[in-house]
Amino acid sequence: MHPASEALNSNQHPGAGLPYYRPVAQECAVFEHAFAKKLPLLLKGPTGSGKSRFVEHMAAKMGLPLITVSCHDETSAVDLLGRYLVQGSETVWMDGPMTRAVRTGSIFYIDEIAEARPDTIVALHSLTDHRRTLFVDRHDEVLSAGPNFMLIASFNPGYQKGWKELKASTRQRFVSIAFNYPSPQVETEIVVAESGVDEAQAKKLILVGNKVRNLVELGLAETVSTRLIVNAACLIRDGLPPRLSCDVALVQPLTDDLETAAALRDLVALIF
Amino acid sequence: MHPASEALNSNQHPGAGLPYYRPVAQECAVFEHAFAKKLPLLLKGPTGSGKSRFVEHMAAKMGLPLITVSCHDETSAVDLLGRYLVQGSETVWMDGPMTRAVRTGSIFYIDEIAEARPDTIVALHSLTDHRRTLFVDRHDEVLSAGPNFMLIASFNPGYQKGWKELKASTRQRFVSIAFNYPSPQVETEIVVAESGVDEAQAKKLILVGNKVRNLVELGLAETVSTRLIVNAACLIRDGLPPRLSCDVALVQPLTDDLETAAALRDLVALIF
Amino acid sequence: MHPASEALNSNQHPGAGLPYYRPVAQECAVFEHAFAKKLPLLLKGPTGSGKSRFVEHMAAKMGLPLITVSCHDETSAVDLLGRYLVQGSETVWMDGPMTRAVRTGSIFYIDEIAEARPDTIVALHSLTDHRRTLFVDRHDEVLSAGPNFMLIASFNPGYQKGWKELKASTRQRFVSIAFNYPSPQVETEIVVAESGVDEAQAKKLILVGNKVRNLVELGLAETVSTRLIVNAACLIRDGLPPRLSCDVALVQPLTDDLETAAALRDLVALIF
Amino acid sequence: MHPASEALNSNQHPGAGLPYYRPVAQECAVFEHAFAKKLPLLLKGPTGSGKSRFVEHMAAKMGLPLITVSCHDETSAVDLLGRYLVQGSETVWMDGPMTRAVRTGSIFYIDEIAEARPDTIVALHSLTDHRRTLFVDRHDEVLSAGPNFMLIASFNPGYQKGWKELKASTRQRFVSIAFNYPSPQVETEIVVAESGVDEAQAKKLILVGNKVRNLVELGLAETVSTRLIVNAACLIRDGLPPRLSCDVALVQPLTDDLETAAALRDLVALIF
Amino acid sequence: MHPASEALNSNQHPGAGLPYYRPVAQECAVFEHAFAKKLPLLLKGPTGSGKSRFVEHMAAKMGLPLITVSCHDETSAVDLLGRYLVQGSETVWMDGPMTRAVRTGSIFYIDEIAEARPDTIVALHSLTDHRRTLFVDRHDEVLSAGPNFMLIASFNPGYQKGWKELKASTRQRFVSIAFNYPSPQVETEIVVAESGVDEAQAKKLILVGNKVRNLVELGLAETVSTRLIVNAACLIRDGLPPRLSCDVALVQPLTDDLETAAALRDLVALIF
Amino acid sequence: MHPASEALNSNQHPGAGLPYYRPVAQECAVFEHAFAKKLPLLLKGPTGSGKSRFVEHMAAKMGLPLITVSCHDETSAVDLLGRYLVQGSETVWMDGPMTRAVRTGSIFYIDEIAEARPDTIVALHSLTDHRRTLFVDRHDEVLSAGPNFMLIASFNPGYQKGWKELKASTRQRFVSIAFNYPSPQVETEIVVAESGVDEAQAKKLILVGNKVRNLVELGLAETVSTRLIVNAACLIRDGLPPRLSCDVALVQPLTDDLETAAALRDLVALIF
């Protein structure tokens, strides 16, 4: 029926184990208890701190299909609920991803929920309280969520300062977990696993990363994520010189300012 | 005809008694007299103070179907009144929820009315005065509301400071009840009933809640609702450690600020 | 043909006399002379000062059908003039209320005209001067208004301060009447007639109303309308205690501020 | 074919002479020379200063059909040029008023041109220079204006202060005439002719009008137009007392401010 | 196929010579070299400085068809590229003017390019560099411009101060020519040729024009274009008195301010 | 199937070598390693610094088809992913360029990505991480990118100051290369190759260019790109006098200010 959504999860991780995820604190226990008590979950944290990986990992671990939507300024309730399409002389209803998730008993992950248009957020209110019900008004349908349906949302508090806040009436519907960058030891483990560089190289890169993370005086909009360090490690592993790898994978993605870039390159040159 | 709306009420509370609601003051009497005199009702109060539960409870108690709409920035009159849909080579009229409520003699509950687009609010004016009439212009229809139809709206005064006020010409059409958080005794009763924790645990959680509610110097956008306390109680009851339960169910939903979160966790640690 | 519009007037006042309206000054004479000279009429005044009732009363008194439109931010000329609807494989023209009013020789009442989109206001210009003609461009039709057609608009000067003014080129097309709250004596008569309370109760309520109206230092957006007093009287007549009736029907509709509400309740307690 | 547009002119002035217009200066000569040299005309002036009447008068005097469009914030080129309409299974082109005017060799009058959307104004550029050509792109048609086609626009400089100016590239395409209120003698003649009051009454009303026009310290958005004086005269002629007539026809249309209205009523009372 | 576009050029200048244009500097040479090197051309200059005439003249001189589009705030890429139209039960593609120009090897002139919506400008980028290719995505077509296709745009720097600039990434794609008002001698030649007045009258009018052009202290949005002088000359030639001609053709189009207009009329009175 | 996209690349470079591109630093190596590690690439730099040429060059060098999209304010996800078109009585899906690129294993180049609407950027997130998957929700399709698919974006940091930034969550997904103007020696080589002028002329033009680039006190929005120098060289090569060529190809495209233009012309006159 909807091969797309199931395919997503099974295609990515054929046969073998779970998608790689290195737990940082007690996030797995919170996930499982929230699932048991049918409470929705909100993941808060900066870019590249592993929120999406965590969801993929837990969905696979629990053997449940996962359906993901990335929100933006124009994501509306219709995009999540579904719409009528004209096909020849007929009008056909097409479930949106949230409707599909309720219907099939899936984990439904809404990435960057605070970006979406307000009707989107209101549309999921009835799924987040004791009703656990989805009103698909345009299709004149009311769906009760089964025991396997779980709603997870993410948002990045760093973006929402002052203007694009989640309203309290939405936030208070979710159990919330704060994500942050991992400890050096955990991060080393991740970088080695994902890029194939040796531990010494990984540690050098993480040293660069942490030095930049501490340079608050640079006024960077956001700082070095684990993702950036993995990218640099991949290029080094593929044979690109370390300094050049750091420049294109770490420095240039962080800033367009010539002097800031020069300062960051100097910092790299101290270590490599 | 419209199984959805009736299903909503009957499905949720099969067989047995009313949906759980613990009255706080004389709201039930006001509801009944307003119903008797055919006056519309406006429920004012913060997130999670029980407005929606109260409406569900009264509808079930009076044995009337309940139809609910949650408003957002783009809710328009068309969403409430109905629209034409193209189906194959025919155009079919589909009642919106307000039209359905008038036609079937139901309680019609408009959640967060101040969020809706202005045409929505104007569309219900003729239902709120001596006319008790709905003009469905696009369907060339005029509906008189029967004796069982009642219009209820809610809004959160905390959100509307300065910019999204209900106009006086709308407000003065409603009898209004102000909701607030219940007394500790009533709240204990609610938390025990909803989560299954014992009274001692419930009291500790409510102590946390009330301490936070008094910390006005934290500048929280909104404070601990009964809902948050129930969520924390559910996780504790399911075996998650109390401090961790309070962190993910009480603290993280209230703030993204690291220092505020730490202060709230300290407060939790004094009690658990 | 258009049973809706005629039904509106006749349904509301079956058999017996005119809809209840208590004249305050010479508004009835002005209405009749404006009708005789085919001049359009603009009613100016605050919420609940009786503008709409006055129009219903005069229409019934003169035995003319009345068609009413309440304007909002998105009311457009199309809404008043009419539109094409697709029905099956045909496109059918459907008169809007203004076109219907001209065609049938009715009183056409545009409530809160300043709220409408500018094309709405321009669309009626040709009906308000010596031409008395309606251009229904999309239907390629030009309608001359017969002698019974009369255009009446209302607006609330209190809302339009500074930003949503009627342009002078529109205002100068209308003969205008200013409405305000009635004298205590007239108001008593109205409250008794509408709610069924005795004169003593009515006088007490009006005393409350006038005390609040004089409390300009409260900074209320709008003050106690006759409608509010009638609502409180209805609840008292139905058996709700007077202080509670005043709280939910008078105080809560006027303010969300806790201190202002307390001050108003104190004022009520002095009288009841 | 298009009976609407021709009907407009002939219906309004059946049989007898020209529509009433009292020339104030040399506007008739300028009109005729602009017509002869095929130059478009722009009429500038305040509300009710006779611009529209002048155009009606000249069109009738020259025996040419007149097509009028009143612009507003949402008037677009499509409204003037024409559009496709779906009728059953066919799409039919329908000329807009400007296209019809070019096709039929009519006077085309665009009232309040500065209000229209910018595409409207650009669409008529090619008609205002040596090309005298209309590009109806959507209908894949190019129309040359015949010798009888003339383009006339009006705008009210008082409205356009600072924000809704006509661009110089548009203005410099037109020969322009400034309109203003007539001299007392001419205005008396107009008021008598239009309302049927005697000269003495007319002079009193014009005295009121001119006193108000000189009260610049009142800060009125716009002042007494001849139209307002004619309205008051009509009501007086119909038997409404003069002071009440002045109140509803002169004072209330000019201001909503209670003190300003009182001052204006005092002024009326000095004369009547 | 597209008789409209070709007709445009040939209709306007049947038989005889080129459309009248009096070169001011080396603009003709620049045009020809830009054409030879397939570089697009941008004409910069104020209202009525002859940009459009120059393009018509050069197109006719080189014997190439000319297709013109005047941009406004809502001109979009679709308007230039083309769209699908529903005709009966079929959907038919209709080339826009830019697509037609590329297909037929014409000069394509975009008047006031900075007014258009940004997608318009991006849509022509690929035509302005070494690719000389037009991507008509919606019609799934890629068109290579032949040797006769040339892209010309105009813009008025006086309008764009601060808010509606052409982006550098667009401007640097064009060879640019700055237009300004001609020298008195050249302007006399133009006024005589276009209006038929004698040289003495033309010189007087140009004297007026140049005096106004030097009155920078008047703060006029834009000053006297050659077009205005020609208009005044035409009215004089047709018999309208010179001072009145100057008032309606020169003064009133430049200003709505009563004092500025009086000052300009005084200036006219010194010369005529 | 989609001849357009393949045609684009093969048409432009038939038979012979690569499209002309002169490497400036190690950008080719970074491109190849990013391709090998399946990392997306972001090219940052000013107008005319060779970003687009670089992409064309690398695509041809690697023998891969190239599909390009230029973004603007209204580019949306639908434009990249595809849409349904009504054709007669059927609705046909039409791949957008990004879907086509994934399906055919092409290089996909998004020019000026920061201009696009936010849904565009979110739509490509899943292609830029370990998933390398495109969700074409409206066509109910999930596409995995093959090994040849590569995503490249460009943006101009000079435009985005303060208001149209790429969000960190997007930027950190890309390996980034900063482009700038080439050294005089490299630029000479380019100008000679592209225009056919001799080295001496090229050097003079580059001297002009570099003098302007150093005149930061002029406050130019953007400075002389290599493209401008090549344009001037082409006109000189075609016989237009050098000073005039510099005026129309270098000076006028940079500024509309008369004094700045005069200063730049003086600078040109010192060298030519």
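In order of appearance the chains are A, B, C, D, E and F, and numbering begins at 1 in each one.
The rule we apply is simple: contacts are C-beta pairs under 8 Å (C-beta built on N, C-alpha and C of every residue); 3 or more make two chains touch, one makes a residue touch a chain.
What you see is a predicted model, and the numbers here were worked out from it, not measured in a lab.
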Shared interface partners, meaning chains that touch chain A and chain E: F
Contact distance in steps, from chain B to chain D: 2
Same or different residue numbers at the chain C/chain D copy interface, by half rule: different
Most widely separated chain from chain E, with each centre as the mean of CA atoms: B
Distance-maximising chain from chain C - centres being C-alpha averages: F
Distance from chain E to chain D - Cα centre to Cα centre, in angstrom: 30
Euclidean distance of C-alpha centroids - chain A vs chain D, Å: 61
Whole-Å gap between the CA centroids of chain D and chain F: 53
Chain B, residues touching no fewer than two other chains: 86, 89
Pairwise touch network: line, ring, star, complete, or other: ring
Chain ring listed from chain B, with chain C in second place: B, C, D, E, F, A
Chain F - residues contacting chain E, complex: 2, 4, 7-8, 11-12, 47-48, 70-75, 79, 85-89, 94, 97, 112, 115, 156, 159, 221-222, 225, 227-228, 231, 234-235, 238-240, 244, 248-249, 252-254, 256, 261
Interfacial residue positions of chain F with respect to chain A in the complex: 26, 29-30, 33-34, 36-37, 39, 42, 44, 76, 84, 86, 89-91, 117-119, 121-123, 125-126, 129, 131, 133, 135, 137, 140-142, 144, 157, 160, 165, 167-169, 171-178
